[in-house]
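Written below as structure tokens is the structure these notes are about.
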């Protein structure tokens, strides 16, 4: 297990889906940052399911508590411990299937890796529930980045077969959290919802793609050779359950482009160097180039579906069939939006500290 | 800068394109492993350009030297230092353009991050040349994995617009290094070559996609939450210059799949649990599931093209145009094949040690 | 701030003296280890002040709570979060002296490092209170080491001017926690107590020396060059407030010995290699040699004394005099005994995992 | 093995006593630092044995080579690889005793840890020879610290039974490297030499104590809780073979002091806060307090002595007697002086970078 991420801004995650709580320790945050439970709560609330088609009926209060590291409304330089208590847990459905790994879930791999000793209730440590800790850490990181006017955005750009059109940063900023699909393109939200409802009726689930953006990054973030901006962000995003691909800028499309198309020409605008296009997605040589950072994460369809599926019984080592009860999102992409933002913020915060761009004391 | 990768099996890279050498220190290798310069040489030779259309005319002997860590033909448990000397360097072309960042290269970002003090000759620290150290480290890692019969393969699956068809592992193993494009699908090699020659004539370059495969992995590699198999491998692959996207199994295609299609059903075969399909690419919950590990890396077109391009002069801060002379591959994907294998091997070796699967002494 | 320690067995500390709690996240513990709140409580109780002369009147219930990582009485492989709530806090004394750094305390250095934003109440993050997290983590580590029959002991060997005589391991094991001074030599306890009472009456404090011992270590723990057994343990012990020196085996006495005296001859006993003496303290070349590991930590006198002392006012930048009220131990050495044990256990656990000596699943 | 040290300023050591070379990779050095082979050579030369009584007759040219990371006389931000080739190696003496571990050496522990596969010639990886890499890294670190006017000094304060008197910083700076014993107190050098010659005649060896000092440190270096200034420095110093104890300020003497004696009062001098004494050795709460940093390292007597010693034969598992031939220093303390300086410089450089006190680009 390695439940810590980052070098100078380091987060350590703990908690399980059906245990007593989910939390995170945030270490390395500059002293003097204004930080209230309300700040963090508003981020955690973005992760909550919206009471609507295609979202888990599980209802968590998710009342954020700051256990350590904040004094008189400001961070102190000491580690910040953030926690939400689990309340609405119903483990009954899991007891029946504990020996039958759910296809597409970590049940089987966790069973082998931990010798069957892992907490299997609700996916235990592998549950999306644990990501609330990422969002709490992300809330802190966003506050730090805000000191340098760095902004992190994310939105759903594909849900099932429906792809969103281009949106401006202003649209992404203002519209994403206005709808339950976290989609900035108002025109496709209805189509996405229809596809979602259809999948739900079929007892099925959908995949999607989340785009993440960081604005106002200075040139110079990212540490070659191994802690590249892309490599660190990709590692961070693959920590989000269900993410199966990460690309930057033109990404996989670059494979079919020619050098003359893909190279971003350098220009002078208002006395500053900018790129004439952004196929690099804001990263050259693993280092931020001053353009908006653009990435996309592929989210696989929710593995928990209502249809009858083929599995095995780990005790009898015989094949069996199973139907998952429980409560689940039809598509994980919308709920992953704020988590993508959070992991981006955490990663950028660490790299900014390592590059010496952030002071240790906020005045 | 962070030029080290891995926790228990840790590699540290040094060297520049036009400096005296390129090398790597490999730390944490078990004692007693048979290791000769010839072993490593044969891997390094796979990285050399094949004298043929579309490959850089730069000719390096790349004679591998073991400077430390091997005694009587075996590793000792001490750090292994591996090195090749640079010989065929011609820096003249770079002096002229040192103030004119080449589009698509790290020239501009490195200039800003290092205050113009970085070695700009041949891309310096950001050159593909430095990856010879990755290949040397990969040779050691492959030898370690071989103790557990774990095999790592890679091959070009797309070059420009030409996509390879499916190949068996046997075909990949036996054909990839038989042609300069590192493509296992004999049928498309000719088409790829034609596209390559055409691009070269146009003074242009091509992108591509490399697929990496690891066979015979035990269930249980990968450390949740943050050091997932996917996350660690992605971070490792983004260290390879020109990689802009990484996906596992169905990857971005999973976004358009339904849960019922994407979930890999569990089955019993010969008394062992296997998956009926491999959309997960061998990874569930960040942990290997016993199926072949499958990943794909998108390689952007070589930024160095012979066409005239738009750039800026960093001294005068005026726009300018430039034409890159020098010597370059038309497509980087074929040469990235052995590097993808190497970074996969290094990553898997580290995760295997962390999971306690490899002994510290080879008998 | 770096509030994490260890590579594979990693602890992350949080909490403050007068905040809501003190806690620790223990990551990397093998799955399947029996672990109850009672196990940890019994270790935490050893750290509590004994109601007797020379000990702080602060009374904490210190009721241990396991927040995560344990399921059905066993560890799961997930991070373990352990916590005690702060209850008996009286911050009034600190408000008055917040601009007057207490001599010998971290008040001044913390003020500068964190720009005066640190929690100053009761020493905040620098309080001995925080070490309860170390003891909770140590309790887990001791349980892990117990799987390999490795035992960690510590005892007070000097308090003020009184030095304890030699004790057998059996005496250390059975007597140390029977008296409030944590001293295994019954003959000197009375003398130590007298010196303690005398110092208390004078409003003064005493230093001391704690000896730590690890029995039954296999040969081979410790990672040269930098993560030597001595180096890692020393780093761990200097995390304990008030420790100002650490030595192994003959330690500083070795400076006056000759090679012929200090070298431990190798012998055969019962078919096994042993040393004829133990001046090395069980460590050669940074690696355990199979003999008992012996170290000593110098503990400075408690900086909080009742006498009037010279200090400065940080606001006015003028010299001033101060008298510390509050509640304090006259000598920290006895209370450091269980903390020394804990940090030794945590360190040895990490090095044992890194050396591949501990399985990831306890059966 | 963990042959890397440091987080942001990280050194990675390689090489063996009788292999081809000894070297180090220094990663994280700011770009733009003036650095020549001559700079490093002058530090390496301080480590060379002085042709005089009590010093090994081994003569190494130790010609420093910069293999990477320097361009046009300045560091580039890329990893710096520094190397000296081994030339004067005579392995014959070691072949005869390869199955007979030398008492006080790492022979036995290395044999077990690496299954007898380690390079045993001249101590191999555990040889003092390897420390030349530490000195080369230290040379770089000293140059970095010099940017902030931070100075690191060390000198022999005890050799066998002879203790040096107090010296001023000016005396330490100007006299230490004027005599072969690296002792700043001219009055005792003759006595030390006499004791050294006597021990040599008896075929024996002596221990000693080295004091290290860092001047002009700002307040605020050191990262609580675990990467304290003391803990990091102690870990660094225990990497030096033969060091068995490390203490700061009053160190072990503090155990016998009272709080009223040990506490350093705070005063105002020239408008700045200073301590009226320096029993803390410049560190409070793990953080530098602005006073000179003072530490002492106990160096055990050279284990290689000419006298006949008791050992065992690892093949026959029988007791045997041995006499070490070869070439050895009678006391290691004088040669450790520059290594203590080097490890202090490396550690302080890393902590200064982590505290944000050093810019990434030197102008």
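Letters are used for the chains, namely A, B, C and D, taken in the order the chains are written, and counting of residues starts over at 1 for each.
In the analysis below, a contact is a pair of C-beta atoms (placed from the backbone, for glycine too) under 8 Å apart; a residue touches a chain by one contact, two chains touch by 3 or more.
As the structure is a prediction and not an experimental result, all values here were calculated from the model.
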Labels of chains that are neighbours to chain B and to chain C: A, D
Most widely separated chain from chain B, with each centre as the mean of CA atoms: C
Chain A-chain D separation of Cα centroids, rounded to whole Å: 46
For chain A paired with chain B, centre-to-centre distance based on mean C-alpha positions, whole Å: 27
Geometric centre distance via CA averages, chain C-chain A, whole Å: 38
Multi-partner residues of chain D (at least 2 other chains): 1-4, 13, 113, 125, 354-355, 360
Touching residues (chain side chain A, partner chain D) in the complex: 7-8, 353-356, 358-360
Sites on chain A touched by chain B in the complex: 1-5, 13, 101, 103-106, 108-110, 112-113, 125-126, 130, 158, 160-161, 199, 204-209, 219-220, 222-228, 230-232, 234-239, 241, 243-252, 254-268, 271, 273, 276, 279-281, 284-289, 298-305, 307, 309-312, 314, 317-319, 333, 354-355
Chain A - residues contacting chain C, complex: 1-4, 10, 12-16, 19-23, 25, 27-28, 31-32, 67-69, 71, 74-81, 83, 113-115, 117-119, 124-125, 360-361, 363
